[in-house]
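Shown below is the structure under consideration.
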Amino acid sequence: MFDTALTTNDLIFLARGAGVTLIVTAIAVFFGTVMGIVFGVFRYQVGPWWAAPLTFVLDIFRSIPLLIQLVLANAFVTTVLGWRVSGFTVACGVLSLYTAAYCAEIVRGGIEAVPPTLRRAARSLGLSWGQDMTSIVMPLAVRIALPSWIGLALGVMKDSALVYVVQVVELLKSAQILITRLQEPLFLLIVCGSFYFLISFPIARFGGYLERKWSRD
Amino acid sequence: MFNYNFRWAQAMASLPRMLEGALVTLEVALLSMVIGISIAIVLTLFRLSGSRILSAVAATWVEIARNTPALFQIYMVHFGLGGFGIHLSPYLSLLIGIAFNNAGYLSENFRGALKGIPETQTRSARSLGMTPIAAFRYVVMPQMLRISFLPMTNQMVWAILMTSLGTVVAMNTDLYGVTSDLNARTFRTFELFAIAAMIFYLITKTVTLSARLLAARLFRY
Amino acid sequence: MKIKHVVPGLVLAAALAGPAFADKLDDIISSGTLRCAVVLDFPPMGSRDESNNPVGFDVDYCNDLAAALGVEAEIVETTFPERIPALMSGRVDVAVASTSDTLERAKTVGFSIPYYAFENAVVANEGVEMTDWEGMRGKTVGATAGTYEAIWLEEKVTEWGEGEFRPYQNQADVFLALSQGQLDATVSTVEVAQANVASGNFPGIKIVDKAPMVPDYVALITLREEYGLINYMNLFINQQVRTGRYAELYAKWVGEGEPADLTVQGVYR
């Protein structure tokens, strides 16, 4: 169907770009989730007043385009502070915080959804705060939060297409480099779009399945 | 402390141009929401229609919009359609790209909202002599839009943030486009983008706050 | 008691003075790599070969500079709008990226003497009636954001008061848009225009006319305060011409004929 000049070399080049996309996503989702859990629990635990500064800072990450966050963080770290940091590091740092900002909301929502009476019952049975958190809240909150978290992780993968602004050659940028040489924009973009789709679609479906399954019982 | 000379005055001189850009950003986001909501309602109807073909069309739209990067979608609207001789200006490419994305996500929200509306309501409406369209229009849709109000606000914020992707289709009149244009001339990257970030923050906050006020007015009782 | 204050003072002074002695030229030599920003969608100055390795006039020029310094060259691809930010952020040491030496840019970065000079051509879609550069009046035109040509073209459109100017993010998108007919015309360097027409990658484009701009002198850039490196680059460019390497690279990448004259009559430097 497509008559293409794409060679094995080019496919390897594209695959390397796809690898970068997946690595950046994995790092951002991992650190973002860890931070998101810490921030989310903290926000729930200390109440809205004491958490206000944190809420404000996290809210900034959700109110400014990711593209600007990347450009600004890059300019600040490298030009203003004068640190020698790679674009990859900046990209992972910004994306992690970006993930954490959304993840904190999901975690807080998950904890709030656990009925307070259940937790009081647990504490009155002599469970410590830690025990209550790990054996009562966590199993229930995870069920509520997991589908949204899957959505977030997939969102981060798609948003990682923007890290090209800090000179990270990920999938979409690799495709653009090949387009420049081969001039087959439609074909290459469809290949690239299909890659995102093939990863995102099954996982999103799985998330939807979990949501349906868990909301039934 | 910093080995960097801030030139805020130089960057601030561009503030009027950036504020004009902010208006364009807001305009694109609002229009993309109006178009997105309209299409999402149509897609929802397609899904409810029972026709296999129409459901497939709706499902394809929703899955592509939700499972590929928005940047890719906007680029495809401009250069993808361009390959077929359909030429859209940067403004229209960006608007249609965002509207496409909005429609996909909102249609999914609407579908979720429909689950909260009992089937019996439609049946009662029909037994009162309403046509299926009238039942949807007067009974189901108002409730669906209300349940989806919060997700719609979130989508509006995303639409505002998505306007920043317009530079890939040579958009240079919106806030991000103006800022990146100024940056390409003066290279005061940090100052210019810090100001742009502040304006974006104010816009999104204003939108979420007004949406909250609007919701309080619309849905009281 | 005084000694207490002196010791940290000395440490601080040493810490501050340490990096001050080594300038970028020293840093490059001691690190063993020269990181060059090169624009790779700008043939014949910069592009990629079949294995997607960087090639072109600018790539060779960077390699020559690295060889002169006795270090390895590392090519960092940037787009036109990104090349100066990449330099400012310390991601690269120099940009060998066909950078026009405008006074506006000189407020931010330091220029060497010119190492190449372009003439610009008007390139149009074949479906558009255009006989000379004035034919661009009232048309939809575009160029790569932030380039010398883009700034010139946008000013012309504003001056004419009709037509539309579109800044794309890279040269490839400009020619793609031109080939698809989304743009009626663009202005680009004669070298790039000829390479793109000859490659056949962009069907339906034609060179119309020379653009009436003064020769577009391009220079190497680094940070404004790095005089040592700028001096070195000036001498390097002089030597490239003197040794005939400049003519050799011109023949290799651009083609037959005399390479562009890098001197300006009637003024020093």
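Letters A, B and C mark the chains as written, and numbering starts fresh at 1 in each.
What we mean here is this: contacts are C-beta pairs under 8 Å (C-beta built on N, C-alpha and C of every residue); 3 or more make two chains touch, one makes a residue touch a chain.
All of these numbers come straight from a predicted model, not from anything done at the bench.
Using only Cα atoms to place each chain's centre, name the chain farthest from chain B.
The most distant chain relative to chain B turns out to be C.
Most contacts: which chain pair?
Greatest number of C-beta pairs in contact occurs for A-B.
So, what's the distance in Å between the C-alpha centres of chain B and chain A?
20
For chain B and chain C, let me know how many angstrom lie between their CA-based centres, rounded off.
The computed centroid separation for chain B versus chain C comes out at 37 Å.
Two or more other chains in contact with one residue: find those residues in chain C.
Chain C, residues with two or more chain partners: 85, 88, 176.
Can you list the residues of chain B that touch 2 or more other chains?
Residues 79, 83, 189 of chain B touch two or more partner chains.
Could you pull out the residues of chain A that touch at least 2 other chains?
Residues 75, 79, 82, 185.
Can you list the chain A residues touching chain C in their complex?
So the residues of chain A touching chain C come out as 7, 9-10, 13, 74-75, 78-79, 82-84, 86-87, 165, 167, 169, 176-183, 185.
Quick one: which bits of chain A touch chain B in the complex? Just the residue numbers, please.
Answer in residue numbers: 60, 62-69, 71-72, 75-76, 79-82, 154, 158-159, 161-162, 172, 185-186, 189, 192-193, 196-197, 200-201, 204.
Would you pull the chain B residues touching chain A in the complex into a rising list?
By the definition above, chain B touches chain A via 2-4, 63-64, 66-72, 75-76, 79-80, 83, 157, 161-165, 176, 189-190, 193-194, 196-197, 200-201, 204-205.
Note which residues of chain C are touching chain B in the complex, please.
Against chain B, chain C makes touches at 81, 84-85, 88, 104-105, 107-109, 142, 145-146, 151, 164, 166-169, 173, 176-177, 180-182.
Which residues of chain C touch chain A once you look at their complex with the stated criterion?
Touching chain A: residues 40-41, 47-48, 50-52, 76-78, 82, 85-86, 88-91, 170-172, 176, 201-202 of chain C.
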